[in-house]
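Following are the structures in question.
In the two assemblies presented below, subunit A is common to both, partnered first by subunit B and then by subunit C.
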Partner chain A sequence: MSVPDNLGFFIDPNRCIGCQSCVQACSECDTHKGKSMIQLQYVDRSSSIQTVPVVCMHCSSPTCAEVCPSDAIKRTEDGVMQTARKPRCIACSNCVLACPFGIPKMQTELEMMMKCDMCYDRSSVGKKPMCATVCPSQALFFGTKEEIEKLRPRSQVSNEFKFGKQIIKTKVHIMLPKFTPTKVLDVTAAMHEPVVDKNFDLESLLDNFEV
Partner chain B sequence: MAKLPVSIEALTKGFGPHTAQSIGKRVETGIEPDRVVNTHCCFCGQQCGIQLKVKENEVIGFEPRDSFPFNQGMLCPKGVKRYLQGSHPDRLLTALERNSESSSGFIPIDYNKAIERTAKEITRIQSSFGADAFAILSGASLTTEKTYLMGKFARICLKTANIDYNGRLCMVSAAAGNKKAFGIDRAANPWSDIPKAEVVWISGANIAECAPITTNYVWQARENGAKIIVVDPRITPIARTCHLFLPVKPGRDVALFNGILHLMIEHNWINHEFINSHTVGFEAVAQHVKEWTPKKTAEVTGIAEKLIRKAAELWGRAESSFLLHARGIEHHSHGVENVLGAINIVLASGRIGREGCGYATITGQGNGQGGREHGQKCDQLPGGRDISNPEHRAYIAKVWGVNPDELPQAGVDAYEIMRKIERGEIRGLLTICFNPKVSLPDNNFVTRALEKLEFYAAIDFFLNETAHHADIVLPGSLHEEDEGVVTQIEGRVIKINKVVDPPGDAKQDWKIIQDIAKSLGRERGFTFSTPAEIFQELRIASKGGIADYSGITYDRIEQQNGIFWPCPSEEHTGTVRLFEEGSFNPIAKGNGRFYFPDGKARFNLALYKPPAEDVDEEFPIILTTGRVVSHFLSGTQTRRIGPLVDQTPSPFVEIHPRLADRLGIKNGDMTTVVSRRGEITIKAQIVNTIRPDTVFIPYHWPGKQSANQLTIAAQDPISKIPEYKVCAVKLFRAEQ
Partner chain C sequence: MGGSLRGLFYATAVTAIVAVAIVVGSRNLAHFDGALVGYTFAVLFAAFGITYRYSIWLQRPPTALYWRRGWQVFFRPKYLLHNIVHWPKRVFTDFAFNKFIFRRGRGRWIAHLLIMWGCLLAVAITFPLVFGWIHFETFADNLSWYRVYIFGFPTFSFPVYSIVGFFIFHGLVWASIIVICGVVIAMRRRLRDHAAGALQQFGEDFVPLILLFAVSVTGLMLTASYSWMKGSGYEFLAMLHAISVIFTLLWLPFGKFFHIFQRPAQLGVSFYKEVGKFEPKAKCRRCGEEFASQMHIQDLIEVEKQLGYRYEIGSGIEHYQWICPSCRRCLFAISQGKLWQ
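Up next is the complex of A and B:
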């Protein structure tokens, strides 16, 4: 049982509508039932309705495992970083502090770290993870690279992240717009009699047209 | 007198809402369900496919249903957690009788005694005050079989004209506009046409929160190169990344549509061939929109003129398009005019009735479409027939085995029923699947009306806030405890399957109705033993009507993953897309594509009127109301599902920072919002995603948290939909 090589996880924050289906569905998966491992947050609700879902990125050089003093965090051969092994985890929170994406969560009542494992009970038997199955906007997509490239001609795929000097490659991919990204807007910019913040003028709104 | 038997606090202690959580069998891993049943979500009009897992007659969880083509496994948070409504601590397991001596206000009574008392009170009221003194309020979350039975029960068992339903708050403006323009009331296209469109125009539809699965269709259109135009007073999640956002001032949509048509005509972005061959009435409309210059349109709508011109150009020059609208343009005292304005720009473009060229209203309730077709509307008979049409009356009377003269004439709409109760003209009420104390506007008035009822019987599975006033409560069934069909957002008739049995004394709603008929001594026509038998009669009753279901069977629905009506015979594949050349049309009979005898669509003048209650010095701010993604309608179900309550525990008021600054309100401050009818004190959420002249409150909560204390009971003169989307308020920071 392993996640087939040709299947990948793709995140497109441009599509996210903040509905929390992923959060609600995550806790329905058998490997972590009752606990949601995905995070979904507003970037800054006062200025935008933008939300971003964050799953484990399943790094090729995983910081969480590298800093684990008890060797409790294992990667299966298919590249999926698993939740800490209960017999080994000493609940020290090193991984929680070290992960550049902020993924691992300390479950104090269980005295162990838990994290997104790509719904291993599902993905290892050919099903999609719960979050990517239910996601109404398909901001979370699970499938082949060929499928996503065909479905999303206006996006490009990336899996390389820089954190200071650290460059991290991940199993999970992020979708970036090939063209101009959408600007953050104040609703008044589009009004008939706008009293406009200079950062939000009508011309910047018109930039969104791409026509 | 149907005043509350005990305090709200005591009622809440007894009957909730308490919240269900994933505990016990539902959180155990590796548990083998006894069975996994294919069915649909119980909430919105999209009716997503879902599988429910059952262990020992309890729904313990769900599995995505990838095979259902509409949602392909996708679900919103309500769908994900819907299973928690079963085996709920608040579930009504017995009939109840009001008793102010009881700590909870009600005592359990024998089901048959409850039925007998209901029948006795119906007889007493009707013999003293006339048949119309007893009214029925029904709902559009019921299966179509039940909605059909409710209409039949009102007309030939109670013989009352006064039946209406909660679709009055939902679909009626779109329905009336569609009938005037197209002669038929159904989404014109399947959703699979959305990604094929070059321009997608979305007016007054918070798709991401109210029809979340539709998001993926819109995003796929965007990926394919479509331009997305969103018209809304708020930057909703679907508006954030659209190409063109038009922040319309609430209540001014028709002005925008007229302004767009003006520019289309000026630049010759109209399809003359289509207009000449397939429509009538264009000249008068063209004349009318002459006055809607871009300047005037900008002044009235509050949208920058440059953006109006851009929108007209994108829409006008497109080769293919899909226009979607929802309650944002429909919940107005001129909701029908708004809809007609939208249809005019579709007809002028000629882009309808083809692949990738579409138009639809986004139906709100689970059976918002099917529930408005088969006779629970005050002026309607099955098959979308008209109760004032002698031929239609004669056909249905024959199906029902009665004399046409025995059928009542049209009754009044749901809000007018409340007014008649308040005036003492209606003395008794039966409700099912409707919670008007939360969902109707100016609901302090609704409470005063309910208090005047001599007798009120409520059928429900939880004791909703309206049912607090009941004399008798009859324990009905959840969605998953019965079978039947519903018609979803696209016009696709699908099948709800029974997953578990009703618990305790609870019964399938159609059995309760039949038991009342029997106790009244008028059971003829109410002796069905299964929903399938009701459906068989419904097929016959709908035959020859516009909403023709006669070719649809349960088996065919299962085999084809749903069938689009009209479907006039078992050999007919169903009508996936309306208005196609040569598609089934019993009205035009080959004369054209649209559902009029000449086969031509109608342009209609769409007249601009300001909202019934515009802002003034005393109440200078516009209030608009709507939904959040984690709750559904009056919240009877979702306010009882723990994870959904956690997601949005209480209502809030969205205020633009400029307005908030002026009023000295900070993010998180308790803020009082006051209208001429009531007030509410809730937390402020300061966001620059709403017009500074407008505030927004979601409406899912009861009592002191109810947004509908503030809203106005102004109604559209044709559709009778209430104006939920605009009223005048003032607001201030509450005393700390």
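Up next is the complex of A and C:
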């Protein structure tokens, strides 16, 4: 069993409406029963309702696996990074701290790391991962590249990310504007970006709002 | 010395030590049972393979660092007493009782506990017998009493036909029954659980169970043969049992069984994390929140550099490792969102 070559996972954080459907659906997955592996992150809860669903990006050069002292994180032949192998994981949290996307979750009570494995019991037989099945806004999409390109004519897909001097290539894709010249998303370039535009005047907008 | 060469050196040294221990412990092979020589060589091969793999494993940058750091934090004078007090508790809860597996699932826990204790009991009985470290002798004037000799030294004695004798002579029967029960529970889970079905591999997950089952069943059949079948087929069964045991021993360094030797690293990690709680904390250089021990982050930066990762960033952040996981997820969204503005 393996994830069919023509199917891919596409994330568009901009489309996330924070409904938490993915969080609930994720916990239904057989490979991590009862535990939701998706990270639904509030970008700045005090000033914005923006959320981002972060799933494992399944890096081709997985930092989590390489910093694991017990060699517990393995990749399937089709490039899906598995959750930690139970007999090996020693709960050191290295993977949790090293993942550039902040994905793995340390289950302290179980003394093991768990992470999104793209619902391998489903995706390996051509079914959509649970989160992509229920996402109403298609912030999480699982399908062919042709399908997503047809759905998002103003977007292009990218699977390269820059963290400082490090470029990481992933199996999961992100949607970028088509007019962006680079196909590499520089994540750390946003380090000092304000979450909310300080020039944005909500009060005057509301004052001018007419029903 | 290169990594492989160092591994070969340690493997040879450990194998030689085991071989010398067998010769010395059996009093120059005086109490060594020649019929068990196949098992002995399988043990020596397993000792070589396990040490070689362990040595190679310890040379991986993260493993090497945490191995070293685990010992350092354990012996750090400030925490030594605390560590010594907590050590037996961890050994009992994590290793003897498998508390962490209990929380992962009752069925999994029972299966693991049965397999582990069954195997430990079998190893405690068979290895000293195979090595000639333990042997039994009857009294010169009373053939119905046995005396146990350990390393050639006489110890306790017991009547052959007694409850004590029955339990001692059938030690491997009890071990086999315990292991079979554990294997059946584990196998049932592997055959019925959807998640296990998606992830398991024959070599990694089924072969160990099949081997344990084969060893246990063929062992029980030996007892059945001499107890109730007048030794019928005993030689064939003995050969079958030897093949299954020897194959299991040879498999030890390669497959899932290797976790038996890796797992104690969990102890070192627990001390590392415990000491980290008392040490200065790393504050995220974006949100300012504490998220790990400074020691842990500095160690990770070191490991990542050794592995060839280039997560260094300028503007006062210094290294991406100083950003907490929560902020990393935020950055993922912000960086994408900004491109649309």
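Following the convention adopted for this analysis, the second predicted complex is superposed on the first by the 177 of 211 C-alpha atoms of A that agree within 3 Å, B and C clash if a C-alpha of one lies under 4 Å from a C-alpha of the other, contacts with A are read in each partner's own complex, and residues count from 1 in each chain.
Simple rule for what comes next: a residue touches a chain if its C-beta (ideal position, glycine included) is under 8 Å from a C-beta of that chain, and two chains touch if they have at least 3 such contacts.
As the structure is a computational prediction, the values presented were derived from the model and not from experiment.
> Determine, under the contact definition given at the top, whether A:V96 touches first (subunit B), second (subunit C), both, or neither.
second
> Classify the contacts of A:Q24 with the two partner chains as first (subunit B alone), second (subunit C alone), both, or neither.
first
> Touch test for A:S2: subunit B only (first), subunit C only (second), both, or neither?
neither
> For A:K33 in the superposed arrangement: first (subunit B), second (subunit C), both or neither?
So A:K33 meets both subunit B and subunit C here.
> According to the stated criteria, A:N14 is in contact with first (subunit B), second (subunit C), both, or neither; which is it?
A:N14 sits against subunit B and subunit C alike.
> Which partner chains sit in contact with A:Q50 here, subunit B, subunit C, both or neither? Use first/second/both/neither.
Both partners.
> Quick one: classify A:H192 as touching subunit B (first), subunit C (second), both or neither.
After superposing on A, A:H192 lies in contact with both subunit B and subunit C.
> Identify the partner contact of A:V134: answer first if only subunit B is touched, second if only subunit C is, both if each is, neither if none is.
first
> Let me check the overlay on chain A: which residues of subunit A are in contact with subunit B and also with subunit C?
Shared contact residues on subunit A (touching subunit B in one complex, subunit C in the other): 14, 16, 30-31, 33, 50, 185-188, 190-193, 195.
> Hey, which residues of subunit A end up touching subunit B in the complex?
Residues 14-21, 23-25, 27-28, 30-31, 33-34, 45-51, 128, 130, 133-138, 151-155, 182, 185-188, 190-195, 202, 205-206, 208-211.
> Using the touch definition from the top, list the residues of subunit A that touch subunit C in their complex.
1, 12-14, 16, 30-33, 39, 41, 43-44, 50, 52, 54, 63, 66-71, 82, 86-88, 90-94, 96-103, 109-112, 117, 120-121, 124, 163-166, 174-177, 180, 185-193, 195
> Given the complex with subunit A, which residues does subunit B contribute to the contact?
Touching subunit A: residues 22, 27-30, 61-62, 64, 66, 73-77, 79-81, 208-209, 212-213, 215-216, 219-220, 222-225, 227, 233-238, 240-247, 298-299, 301-307, 310, 314, 629-630, 643-644, 647, 656-658, 667, 685-692 of subunit B.
> Sort out for me which residues of subunit C touch subunit A in the complex.
The contact residues of subunit C facing subunit A are 57, 60, 62-63, 65-67, 94, 100, 103-104, 193-195, 197-199, 256, 259, 262-263, 265-266, 269, 272-273, 286, 291-292, 296-297, 300, 303-304, 307, 309-313, 315, 317, 319-321, 323-340.
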